[in-house]
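Read through the structure below, which is laid out as structure tokens, and then see the notes.
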């Protein structure tokens, strides 16, 4: 891959071009394209089963797309081939809905294990780095605890620290707060906000429309395997837009009793 | 003894194995049925009996599960007759009727050994299933006017047996395989027949491979049958795996 | 006088205990070495291979240990020995102990693979995916993420397998492996004191089972991880 000293190439950091994916005879993604510039956060919204999670997994090449390609910093995932796809994956951090922490490892080792086994960083250094990443997500003092001893919000923050430790160029977040109890959502959203303000490039699937609309420049609405609408939140979520996005989000908000564009994450 | 391969299989090996198979079945069927009967009685006793009974039955289970089946088999076949010798020596000819009871035939020794050992294992599954059944069902039966024993036989036990079925079935599959040990007390069952033919004709590899297939067929048939039975007896809402 | 004879024979039978322990530990190790990769391949390997391995497991789970012992010692070993004799002119003979070890180990490998496979499949698949997302290779994810947890979850099943194997090892006397049962049988046959010697053997097996289970329970406690698996 590129050495850090060379100047970044022009153009978007992430470029997804015409990605299609079928599983079991069902078309899950239908020629999806999108791009993210450095430091940008885009939000992916849509009904479940619309292809959002599949899209994230295809970008990561955890699922190889049937057609299309993904470019990170101008490098094609397809051209990496099966052998090198792992180094491609290392540059993309992935956050899962249900955390997927390694249950047999303490918080610190959860963060350190990929540093040690994938990046081959010596143990001491890896553990030190893990400690720093845990501090960054506000989990100092929890290093020795096992996943079963952490709350949902703490687990998700460990998983964010785990992804950050690999120095990813971009983070993909797949409904990072939807498995959390309502009172724990704020602590995770705060971490995400900090990351975004620190310049991390992120693509996030979420139902936290209110939160997202304050951080993002662009919302992508995905349905039936396609991105059907996209635009700035003020436009898409305005009542006058008569957009599918507004219709979907307002249904969503009726349930939680909030106005789509109002809520902000709790301030620290 | 020069003999063509086809002749050997058609006229010697396969008839012998079929004969051995028949004897194996004659060992397996009664000992597995007896084993289940013992398992139900012992399992029920351990789950529902008083402290004294439970202690005795637990000791039986620990003894028969904690020692190798071969050792038990030798006890039944060789150990018991030596007890009868001792009886006759100490109590004179008057003890002969009792002493004779202890001289088991190879067949009787095998069936008793397998049934007693299997029963100990079976009782574990029955006991577990009985303990897993909520007392509420039993109480509901009592409130409908059942007597305690009626409630046990017509409500608790059927449900427990169904729950214990996967474990009990597994145990029967084990019994099928362990029935081969009967040859060690001179039974000419499947494995015994094979050993005789294999050493006589010095064709070990093929003989034992074919016997292995016989056992695989028996075990597979039993497994399929038991799974069918489980399905047939399954109650909606009860999970079996 | 007679009971003195029995007491004098105790060291002889205890000496058989050494062979029993070697046999069981060896077979457990062999079964582990085959069973663990087998389970990993059955759960995370390519489909056709998993099917093929299923046949292996079916065979060694379905064939009685006695038949396996004969198959290895009289079938496999004598075929290999006569092959070497006819092709290389060398007369070799393999020991009954090694045949017993091989037969018990192969049988155990099938059972152990089922124990490990169950444990592997009980783990949430998401952790495997998360490991891939971090850049682990598939074997790396299995090695560093799946197996450590699966092994921990397998300890109860493994304890059970130990006690089954210990009892099965008694059958190895038929090949002339001089373990506990073989020595008890020799003494019983010569002295015609069957009850005493088989009881002595029974007590030894009982004690070995007890000690082994205690040891594994200790290991289970020492390797405890909060929230992962239950105690035995």
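A, B and C label the chains in the order they appear, each numbered from 1.
Just so it is clear, a contact is a pair of C-beta atoms (placed from the backbone, for glycine too) under 8 Å apart; a residue touches a chain by one contact, two chains touch by 3 or more.
Just so it is clear, the model here is predicted, and its values are computed rather than measured.
Leaving out subunit C only, with every other chain where it is, the touch network divides into A | B. Of all chains present, the one whose mean CA position sits nearest the global mean of protein CA atoms is C. Per-chain CA centroids place subunit A at a distance of 47 Å from subunit C. Chain centres here are Cα means. That of subunit B falls 23 Å from that of subunit C. Note: centroid distance subunit A to subunit B, computed from Cα atoms, is 58 Å.
In the complex of the two chains, the subunit A residues touching subunit C come out as 60, 62, 86-87, 89-90, 92-94, 96, 98, 100-104, 113-114, 117-119, 146-149, 159, 162-163, 166. By the touch criterion stated above, subunit C contacts subunit A in their complex at residues 123-124, 126-127, 129-137, 140, 144-145, 148-149, 152, 225-228. Note for the complex: subunit B touches subunit C at residues 63, 66-72, 74-75, 78-79, 81-83, 177-181, 183-184, 191, 194-195, 198-199, 204-209, 211-212, 215-216, 219-220. Those residues of subunit C lying in contact with subunit B across their complex are 58-59, 61-68, 70-71, 74-76, 78-79, 166-171, 173-174, 181, 184-185, 188, 192-195, 198-199, 201-202, 205-206, 209-210.
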